[in-house]
Amino acid sequence: MTYTSQSDATWLAPDELDAARQRLPILYIDAIPVRVDAQGAVTSVGLLLRVTGQGSITRALVSGRVLYHERIRMSLIRHLEKDLGPLALPRIPPSPTPFTIAEYFPTPGVTAFHDPRQHAVALAYVVPVEGDCEPQQDALEINWFTPDECRTETLLAEMAGGQGVLLQQGLAHLGC
Amino acid sequence: MTYTSQSDATWLAPDELDAARQRLPILYIDAIPVRVDAQGAVTSVGLLLRVTGQGSITRALVSGRVLYHERIRMSLIRHLEKDLGPLALPRIPPSPTPFTIAEYFPTPGVTAFHDPRQHAVALAYVVPVEGDCEPQQDALEINWFTPDECRTETLLAEMAGGQGVLLQQGLAHLGC
Amino acid sequence: MTYTSQSDATWLAPDELDAARQRLPILYIDAIPVRVDAQGAVTSVGLLLRVTGQGSITRALVSGRVLYHERIRMSLIRHLEKDLGPLALPRIPPSPTPFTIAEYFPTPGVTAFHDPRQHAVALAYVVPVEGDCEPQQDALEINWFTPDECRTETLLAEMAGGQGVLLQQGLAHLGC
Amino acid sequence: MTYTSQSDATWLAPDELDAARQRLPILYIDAIPVRVDAQGAVTSVGLLLRVTGQGSITRALVSGRVLYHERIRMSLIRHLEKDLGPLALPRIPPSPTPFTIAEYFPTPGVTAFHDPRQHAVALAYVVPVEGDCEPQQDALEINWFTPDECRTETLLAEMAGGQGVLLQQGLAHLGC
């Protein structure tokens, strides 16, 4: 089995997934792609730029569902390659422990995280990427921001669903 | 809403849950109940004693499914009270970060964790309990073991599905 | 040996400590005292209010040096009781792993943390306190702030040496 | 300033260091060098082989003192290059949080860690190395062991001062 050639449909038809989303918390991974210097310190954070159906700009972390019978580390690689391209060279952390858990609720305000489609629980990781990143699918660009730039109101206002909060939590974990 | 009076059936009928279990990773919490001394150091670990249908003894951690629209901390309390009784007084950790993630696969050998019913991903926590613990439901006893006793082959042989490995990981996290 | 009756002078004369401070990184603990609700979620953070020699107000975390032959958990209790009083009832976390490391340099700007007296490396912990807290020694008051209040510019401006940054890192670790 | 050309003597004369070691906890880093596969999972652990003055074999982690005005990440790189050679290419973790704290006491039995020379507190990290490792100075060899081999009694008996315990804690943190 190669993880790159599998589509979600192998595991769950779209209407079945819709039904499950009304009944079960869905397991996700959220990844903060970073560039690090020779001492391992983070120099920049990569965010995906997308344009919504309403024409507004959003910036997003790498995020996606964990599939049936898929290991967390394989899921991280699959979603990082799906969003950053096959040459991104993500360095998945050796420990499986996420730096935090983001609980996305369909009801706004229960936590800082909101997903109107579902109750999703995301395991959040910081992942250094060493290769070339190219926007894939629906992303227009991948932009790199310094940790300081990641704290500006303008940038945080462009992130949806609480991902700006998660980004701040990730930067705090990194000692930034 | 009170979390104690709700049954799983509110969210998912048994046959629907069975179907989902063949298609999606199911989110669980695993909790290691501990007694701590005045300095916060762990003095003993609580394990549930059950007798299987085949008449053999198993010892288990507190473990259970996270329900739709249920927060992780509420799920921890619900399962701890379900297994240790309403007077256990669990002290849920202030941080949501688990000490590790246990990936239970239906196929043995993929990871150290195995669950023949499903692919479950458990967020694992150590939870000090300060009150009185009484076995509930299908548990015969709750027994308390020192960290050293938790490393004996005899005890580890009585734990199933890789929970002995998870217990060792928890003790290592505690500096034992 | 009781940790409460010992003074630092037992281990190191003031001039010897001054000499060591010019030559060695000094080990510290930093503690963020918190109140938690029945689910373990943080409801408020305790900060010490002091007036400096120049008459300005500063707010501080609990912080202090680890002594020779003192365990980290004993040092945490000693400093928490020294600053919050003997009835504070701190719940030292069962795991020895700090949520972060704060590297205070005598040279400003090397890190976010600065201590003009020394190079100190602090192991940082969040510690729930369940008892009555009373200001001790040079503290005028202990004030409790909600996580949201802890993010206001006014409050952060009253914290010195980078402790405002450490407080934010602690809140991020708590999922606030 | 380059960290590789500096000797400890720049900061502290040997007799001064001896005096400080009787009075203060000394800050250390302990590093577990690992090889990882393309998914970030640990495949092997590197241990230094030394022969003691008594002719017995010991295996050791990378370990060393943090110098005055030295950042933790620089100290990690300095000690890893000192023990594994300049081509080891260590990947220092982006987060400053150690996976645990090892408290080495001069008195045996206070903790699992013992150092007859001093009270040392080590921040412990797992560090993937990607380059060529060559034994330096007093090490005869660097040997690589699978996680399973790291749990054998024979190997653990060759580690001194509690480093075998620390190695187990590191493997547990890695989910091994």
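For clarity, chains are labelled A, B, C and D in written order, and residue numbers in each chain start from 1.
One rule holds in what follows: contacts are C-beta pairs under 8 Å (C-beta built on N, C-alpha and C of every residue); 3 or more make two chains touch, one makes a residue touch a chain.
Not measured: the values here are computed from a predicted model.
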Comparing residue numbers, which of C-D, A-C or A-D shares more than half of the contact pairs of A-B? C-D
Chain pair, B-C or B-D, that carries the greater number of C-beta contacts: B-C
Return the distance between the CA-based centres of subunit C and subunit D, expressed in whole Å. 28
Report the inter-centroid distance (CA atoms only) between subunit B and subunit D in whole Å. 34
Spell out, as numbers or ranges, the residues of subunit C touching 2 or more other chains. 71, 95-97, 99-101, 173, 175
Can you list the residues on subunit A that touch subunit B in the complex? 11-12, 16, 19-20, 22-27, 66-72, 95-101, 103, 105-107, 110-111, 119, 121, 123
Residues of subunit B defined as touching subunit C within the complex: 34, 36, 38-42, 71, 73-74, 77, 91-97, 99, 126, 128, 173-175
In the complex, the residues of subunit A that touch subunit C are 100-101, 112, 168-169, 171-173, 175
